[in-house]
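Here is the structure we will look at, set down as structure tokens.
Naming follows writing order (A, B, C, D, E and F), and every chain is counted from residue 1.
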């Protein structure tokens, strides 16, 4: 078997995290998983949603969108269709849950951080790239709160990262690109934290059911890939942004 | 540890499938997982969505809703709010994908079957009950197509069933009810077919990340529970409806 | 002339009221007018809409919906179409006005009771069944307020019930089922209270105008039918629910 | 008892019908019931809605709106709120049904006539004025079809007119203005044709239930008022528009 | 060249302003630019939008609509389509900005005036007629505030009026009617105040780009036309309304 | 007077056009006017909108959006609010009209080109940057049609570019950034083609009316600025994209 990209089964695409990508947001990261490119911005607001008022804790939420021509064929703009599709809502709920797992919400104080993940070029794995890049944007926004004295110390408890795994032509592979994703028998997105805990596992049989053995093989690949992604996140955060 | 219901960790709630629950639909099943009650109707239409026209195959899709007072507190009616929420869309996409895994769409011919799952009383596990009951309604609707001569033989390849598992007070448990679900550390929904293949696995850390060991324990419980649910499905289908 | 069901012109269908049909709502009634089945739940909220704040009175309102396959052909789900149709809005406004006529709103205190009427199987007369069953659910919810000490005594002043009458093949008939309703020359819905007062009269010529004589004949049938329905309501409320 | 306007109980307001009020529509009538003013335009389209295609018949439908400041307090514009309210939908359904009773739809051919009723000043009775004026606009539009040779002869079978009646301070009165309407115990809208047949009767107890005697008194007033309105319609149509 | 209407290039259509056209609004004007007729009502509310609260100033805003058959072919009603089109929003934003230029918002106090411009008959120039008539309605509403003592003196600083100019068959013309507007090479809307200052200039090349010389010629025509319109406004306001 | 950026009154910001910015679209340009950054993609579809079918011509249209945190404060996402705001619709209509002026629609054949302009960082002038960059993306998409043989020769007749001018602290200035734009007395957007013809002129008095002299000064600045922008466009198109 050979992957369309020539990668080895356990090989991630080139992953790149560019901090301070745009100038207004408290955290702003361009994340690239190969040809997949997502702008993740983290915006701070000094208030919380109604359901949390007076509880002395903060909130982290996410929104997701794709530029109409981020894909091979132009998609209708959701703003002009008048609603977000089910796939969009599902993905942004996943991103939000995943990023909340990186934060001690009580330690965040009554602040809300909204992470917007906007795909400017799609080539498979936009949700995993969004989580991985969004967590770095979130860390920068939290750091902004610390530096401005809004909170005493960082409420980030762990980094959170995500990768896809799947069965492609019968072989378990890591970090599927679009050529693989659209032909995979099974697709699974895994979210873990930097301490090795599982946050989310979402596996879907696309063509045929998958066996428990395949499941275990995919899990092993995911654990390995996420460990590498966390290293990339930590290196990016260690650098002093220009 | 004791479960609020007094059940053993590996014990399902009482599961009941009532076929021909309402009179108009080609398939109509009331599914009960304990106090959770969902009406599943399968409706046949002799056409396919635009994206499948002329491809000589059929389609299976699902919609999901909750009566406003199916829950402890009344929820706003989605029809009057003017849109379906993200949770609703996510669940009906899951039900649709799961039920398509039960059918050979080419053998279905150019027919569409829509499975509506409407929760009349909620007590945890509405999506797993919907899949389990919806598959029986689907089987009845397909049988209607065979009996009326619309298609030659049944395109059902397997039964599909679903159950939730979770970690409640540190212990892996099967088929969580609301009292457990709202306090579980981890919640996982598993969809499998009657041949033991995995269709979907969706695990979410609600409070703390889960370990691989916990994951494996939950998977084992789910396999056992689904095998039992498939038996209940087959018994229901074996009966001649009154 | 013979009615499709074989009933006499002045004969109601079998009417059945099952209290405590679902477990969460303060009032929950399954109402059956023959094959027409509607779940009516009454939900109590300790507040009033904005336009009544500070006026020291309560409010009763209603919402109406049909499950997509409650009818012979599947209807699109209003939640997914993004709005409630004109027929739905018209019916729920009628139910709300009718039920408010059963209650002394000042004596209700600053509480709102929302009566949801969801049709699970339709065979003509869903709005009249909704009013008749909804009034029993309302009575149960009010009783809950009395028993929990929220209000001193019941603000129910009368029972309210409703039935349809029409001209079918030239003959005035009571309580039309779908086979009659879809072929009637005239259709009239009448709402009355248990003291014999009129709450609403809505008569519509479907095919040809109706004469004053036909009008009077239909009114006479309706009065008789509603008197019987009130008896069924009172018997149901007299029973101690299991 | 004296009516706020000083009218006798059985007295209509000054009724005025101005044909050709605007220049583009095939039928265009300004109808005035006292201070209530509604522009009714009838627009012809040479096609029918999807559900009537190929059935060789026509269709008549209506839409209703109020200018935001046609009322004492400015109402939010429905176009900017993004939906028509329940009252609007209810009224335009009533107008459409009523006007269809004036026409032999088979004789109309495959044409659709849309009657738009837009209230520019409201003082009670906007729906009855809309029906009464809309029928004249409809007659003009039909005449246009005859004159242009689109159809051979007029499919108008009867004129249709409407008036409100009510119980105000205990006295049955005809054609309620806003000062009466907002304080009436009972309000009833009656639609009849020029042959004395009933098209619609919609009576609502606003404060207290009404008795059968009151009902009969209101009906008698309505019959008398509608007979007068039909005369005004016929006089207007007899004039050669300037 | 001859204009379809026979007017000279620099000739306005007959302009008519009828104050107190409807009875409820604080300001109500029917404005006619030839066959174009717009009802402009100005409604006063004793509060300001959220973004101005506590700033001690008022607000002026506008909404625009067309009756469905104000035009040659019936247009779908925006309320029933569920949203206002881009053209509508663009026009009402222009009207609002223009009218705010007539008022010292600080001197208006914390009051909001909403000017509704509803086109009952369209023949080109509906937005310019709306601004010109709307300003008179605004002046009447402000006068109402002064007379009722809500504010001490009028915050109106200038009258504001508007006219269109264009290039029709190569010739610059003033105040285009529909026959010209739909065939003009260039169309420009100009808004000025009574002191000769420019408020808005919006020129659009419809078929071919326009030259600077054409631009200057159109500007000169517009200045002349607006000066005349301001005279008509002042005459209308000088009359004591009946 | 000094501009916040230190630029001379007649000085453009640094303008940069990066072709082939994303990989899927037939034309894809990142346009930068200083800190304002917009991704413009041009997508080709081999069909035309309904209103042009069978007329043997093509169509060019545009859509505009801003990422939620492209601005100093996060804006609500239009897709999640369920509609595009008036400003968005107004801008995308302007972009579409402007770009159609660059193309001979008959020579385009029955193809539609949609230009999406998505602002990733805003600092004033997003609409002028969108037009200027969008025209280059349009040229690339048209070139793609020529190279693939879909059309014989390029239907581009002229380049179209746009710039803003305004009065800032009493001085006419070119190409306003946000610091100027939010404090300008007058703001004018001018669209011209490479032959010196005017396509659109939209001037708005923000604080005080502007005089004819100021108007002429702004026009002169705009002509000069657009001539420079056209040079930048032509240089970008002359380069062989990497």
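Note that in this section contacts are C-beta pairs under 8 Å (C-beta built on N, C-alpha and C of every residue); 3 or more make two chains touch, one makes a residue touch a chain.
Treat the numbers as computed from the prediction; the structure is a model and nothing was measured.
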Common contacts of chain A and chain E?
F
Over-half contact-pair match to C-D, picked out of the listed pairs A-B, D-E or A-F
A-B
Please indicate which chain is farthest from chain E, where distance is taken between mean Cα coordinates of the chains.
B
Between chain B and chain D, tell me the centre distance in angstrom, where each centre is the average of that chain's C-alpha atoms.
51
Chain centres from averaged Cα atoms put chain E and chain F apart, in whole Å, by 28
Can you pull out the residues of chain C that are in contact with at least two other chains?
82-83
Classify the inter-chain contact topology: is it line, ring, star, complete, or other?
ring
If you start at chain E and step next to chain F, which chains follow, in turn, all the way round the ring?
E, F, A, B, C, D
Residue set of chain E touching chain F in the complex reads 83, 85-87, 89-90, 92-93, 97, 101, 188, 192-193, 195, 197-205, 208-212, 215, 219, 223
Counting only contacts in the complex, chain C reaches chain B at residues 22-25, 28, 35, 37, 39, 41, 43, 45, 63, 65, 67-72, 74, 77-80, 82-84, 88, 114, 116, 118, 120-122
